[in-house]
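Some structures are shown below for you to check.
First subunit A sits with subunit B, and in the next complex the same chain sits with subunit C.
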Partner chain A sequence: MNPSLKLALAVLIALEVSFTQVWTVNVALIAISLVLMLINHVTVKRFLWLTLVPLFFASALVWSLTLQGTASHHFLIVLFTRMFVYVYMGGLFTQTTDPLTLTRSLEQNAKLPAKFAYGFLAAFNLMPKIQAEVATIRAAALMRGQELHVWSPQLYFKVILAAMNWSDQLAAAMTSHGFVEGAPRTHAITVALRARDWWIFALSLVVIQVGLFIGLP
Partner chain B sequence: MATVTVHALTFTYPKRTQPVLDDLDVTFPSGKFSLLTGVSGGGKSTLLKLIAGLTPLPDADAITFDGHPLTQIAPAKRAATVAMLFQEPSTQFTMDTVVNELRFALENQRVDPAAIPAKITAALDFIGIADLRDRQLMQLSGGEQQKVALAIIVAMDSDVILLDEPFANIDPPTRLALLEKLVALCTQRGKTIILADHDLSNYDRWVDHLAVLDAGKVTLLSPTATQARFAAFTPDKLRLTHVALPTDDLTVSLQGTQLALGHSQRQLLRPQDLALFAHQATLITGPNGSGKSTLFRALVRLGAYQGQLTYNGQDIRKLSRKRYARQVGLMFQSASAQFLNVTVAEELALSQKFGNHTYFTPERVQDLLTQLHLADHVDQIIYSLSSGQQKKLQLLCMLIMAPNVLLLDEPLKGLDFASIQVVMRILTTVQRDLKLTLIMISHQLSGLDDLITLHLALDQQQLTYQEATP
Partner chain C sequence: MKSWHIRDIILVTILAIFMGVIFWIINPVYTILAAALAPFGLQPLANEIVLGIWVMAGPLAGFIIRIPGSATLGEFLGAAVEMFLGGIWGASTLISGAVQGLGAEIGFAATGYKRYNWVSLSISCLTTAIVTFTWDLFRSGYSAYHFGFLVMLFAVRCLSIFLFGGVLTKLITNLLARAHVLPNVSGK
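Right, the complex of A and B next:
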């Protein structure tokens, strides 16, 4: 499916689920996401992460609400399943979408300004660099007798300094390779937006509406 | 073909009073290879960035290409007019793979999509790196990254090619290969090349004009004067008279067993046994990009290695990170990586709190600050110090920590002659007083003789101890 349309679909469904309370639709969405993830060969490790993290938070939320004793059973189930809908759909999206294709699609299909599209891509490509920088900062601190933890402000001060430096470097790199803000570009690889994509998009939304309508009390 | 004309250019950095470029006039002739030289920090990079349009000009007409300022050239044509190759190879890319970066550059120039694949193939073939086409940019060596960056400039067909110390992190054979391609671009395709370098060795065969940047002004030497200047340039000579091969009575501090660095696609150090000795000052030399800094990162557990590394007989992987970091410290090549605070005083206070405060008494620290000409800067913000001042402060902070083993990665980089003398005197005194183990990487070769007692050379992916050089 076209990445931009896939993103729009995921966001729309998440929004609708946020404002309605139909747990059967939530369960159906979880099941569909699960099946699609299995088809797309998501690794077991990744899958466990996607399950255990929301399980912890959803359980904590439900437990605290139960202790308060004001929420109905129905509402608790809706909350519990909603959390999984968000995480599984997000997981399905990120696991089945290549960032570069998404960037190209956002630029070509969604007509997002190239500056934002490539800015997003650059931020994505920066991730491993940030991890290496954090390791270096922590090592430098240990050599001076200071232990920096994830909550130490100094760590963030240094990472932000480094990030500001990188953003200057990146702007220079883009300019030196001919990128000019707002100027038109050609596209070596076009991302197709086919009729089939629109059909999947529309049908999915219709099915959700029907499900929500039937499921509403 | 394009002639670059700089006219009456004055440039001052924000919050500085002294202009770095002062009413500068120079013309870089079309289709020629010009070499720009001058002291480090003298404004070479600034001038190149202004020509490339990466730094906004104070006056748009100050720099013209065949009479046209860059801002008057259509956006899609700018990269075809001028392009720049950066000093730090890894910082010049936006995309993930070589082919994607080439596509990105050509798309920006509004090249017809149908013509893009052929242009990419031609550019990669010209530089001779067709096999790198689908590789991840961040997994390439510095030399390969510079080749890719040059291939992109070839694909963009830029008339003026600027290079800012492009060989700073590149091994000699790659440097030669790149230089040959640059000369071919100049003679066969009529490109105007301006290359900034402070090391003048091996340019005499190729360079037409030497441009000397001094005190904010450029003087363009004639071909005869240029050749005379090249002939007079002699690179620093390594002279170590106190060095000897390690003997049996030395104590081993760090020991590598079947130690290897790099990965299958790029081996830096072939498996070897390596001993580093306690209470000695060891110098490690070797070509750029050969893996010296990688060895240091492995020794402080910031980088991967194969084989085993032990410190005082214990596997460093099994030691607690916190304790090990207090035993083996690294002075990073980039000074800013070392600092954790905002002002000079805070940074010193941190070192004094956890460091060797019986030796580094407040009086001694004050005396060292005076010697290093930092005493008047204690309340200043570190990042507003000059790069030389940062380097001196960084060294002082790590010396106060006085770890048993101190690794120094280019501690003299960017320092002027007087500072080098002071720094070497301090290093020698402290090392003798505290019996520190110093292991040092340095391209600055003069002034090391008093300190260094052991010399390791990295060559052909092997580290070997050397005898004295008279």
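Right, the complex of A and C next:
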């Protein structure tokens, strides 16, 4: 399926599920996501991770609501299954979509301006460097006997300086390679947006509306 | 009013990734806190306590980059990074990110993106707290809690957001101003 449409579908469903209280639809969504994840060969480790973590949080949430609130059993089941809808649908999305294709699709199909698409990509590809930089900054401070915590302004100060530096350099590098903001572009790889994608998108939404508003528990 | 250029876009994205990485480091703390409070039915409290760090990218990006939309974009991209780093909440992370970012954005929009001081920062923190809390009323079923418990959750949330999004952001920008790097950002 086209990545942009898939993203829109996942976000729309998550949004609708957040504002409605039909647990049968939640269970159906969980089952569908599960089947699709299995078809796409989810690893056992990832599957366990995607199940155990929400299991803990969903149980803790239900337990708190029981102790501190006045929730009905129906509402508790809705909330419990809702957590799993979020996680399984999100898991399915990230498992079947790679960031590069998604950005390309957003640029070509969703008409995201090229400066945003390439700006994001440039920064995303710095990810390993950014992780290393945080480690370096903390290690450098430790060598001077200074421990940087999440609440230390110095940590963020150093991080922001690095970010400013890199964004200057990257922007300059892109300009020197001929990137012009707003100029028309050609695409080496095109992401197809087929009629089939629109059908899946529309049909899924229709089925969910029917499920949500037909009066299921 | 300033508009978006490639450098600002890269800057806000890198900033978002940095915040995502820093948040990733303290993630175990959140889990331990939640596990410790869960038996007493206080798990949401863990959420409220660390929420300030979570939503900090919004006020910080808004305060440093100072282009309309930077708070929203900073927070939203932070969420996108988290999603692709392997955060488990998936599509709902994106929605939460957009909600948190918009909350912070309203604060800066309220002062017309002209004033960047304690007042605009405090307004931004307050709107973030209100908007995210409203979202949780629906999403996490907060509406079913007793009123007293809700008031307590909201108070903790405000405090956490003010400490991280407000006080810490101001301390950071003070350092940046003293290093004379902020005029480069705001003066162009």
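Odds and ends about this structure:
In the analysis below, the second predicted complex is superposed on the first by the 207 of 217 C-alpha atoms of A that agree within 3 Å, B and C clash if a C-alpha of one lies under 4 Å from a C-alpha of the other, contacts with A are read in each partner's own complex, and residues count from 1 in each chain.
We take it that a contact is a pair of C-beta atoms (placed from the backbone, for glycine too) under 8 Å apart; a residue touches a chain by one contact, two chains touch by 3 or more.
Model, not experiment: these values are computed from the prediction.
On the superposed subunit A, the two partners subunit B and subunit C both fit, without a clash.
By the touch criterion defined above, A:Ala8 lies against neither subunit B nor subunit C after alignment on the C-alpha atoms of chain A.
Shared-chain residue A:Phe93: touches subunit C; no touch with subunit B.
Looking at the shared chain after the overlay, A:Phe179 reaches both subunit B and subunit C. Of the two partner chains, both subunit B and subunit C are touched by A:Tyr118.
Of the two partner chains placed by the overlay, neither subunit B nor subunit C lies in contact with A:Ile30. In the superposed model, A:Pro153 makes contact with subunit C only, not with subunit B. Of the two partners subunit B and subunit C, more residues of subunit A are touched by C.
Shared-chain residue A:His187: touches subunit B; no touch with subunit C. Look at A:Leu126: by the touch rule set out above, it reaches subunit C but stays clear of subunit B. Looking at the shared chain after the overlay, A:Ala110 reaches neither subunit B nor subunit C. Taking every C-alpha of subunit B against every C-alpha of subunit C after the fit on chain A, the minimum distance is 5 Å. For the contact definition in use here, the residues of subunit A common to its subunit B contact set and its subunit C contact set are 118, 122, 154, 161, 166, 170, 174-175, 179. Looking at the complex, you find that subunit C touches subunit A at residues 4-11, 13-15, 17-18, 21-22, 25-26, 34-35, 38-44, 53, 60, 64, 77, 81, 83-84, 86, 88-95, 138-141, 144-146, 149, 163-164, 168, 171-172, 174-176, 179, 181, 184-185. Contacts from subunit B toward subunit A in the complex involve residues 49, 52-54, 75-76, 78-80, 83-84, 86, 88, 91-96, 100-101, 103-113, 116-117, 138, 152, 156, 300-302, 321-322, 325-326, 329-330, 332, 336-338, 340-341, 350-351, 353-355, 383, 397-398, 401, 403. Residue ranges on subunit A touching subunit C, taken from their complex, read 7, 10-11, 13-15, 18-19, 49-50, 53-54, 56-57, 59-61, 63-71, 75, 78-79, 82, 86-94, 99, 115-116, 118-120, 122-124, 126-127, 130-131, 133-134, 150-151, 153-157, 159-164, 166-168, 170-171, 174-175, 179, 181. Across the complex, subunit A meets subunit B through its residues 100, 118, 121-122, 125, 128, 135-137, 139-147, 154, 158, 161, 166, 169-170, 172-180, 183-190.
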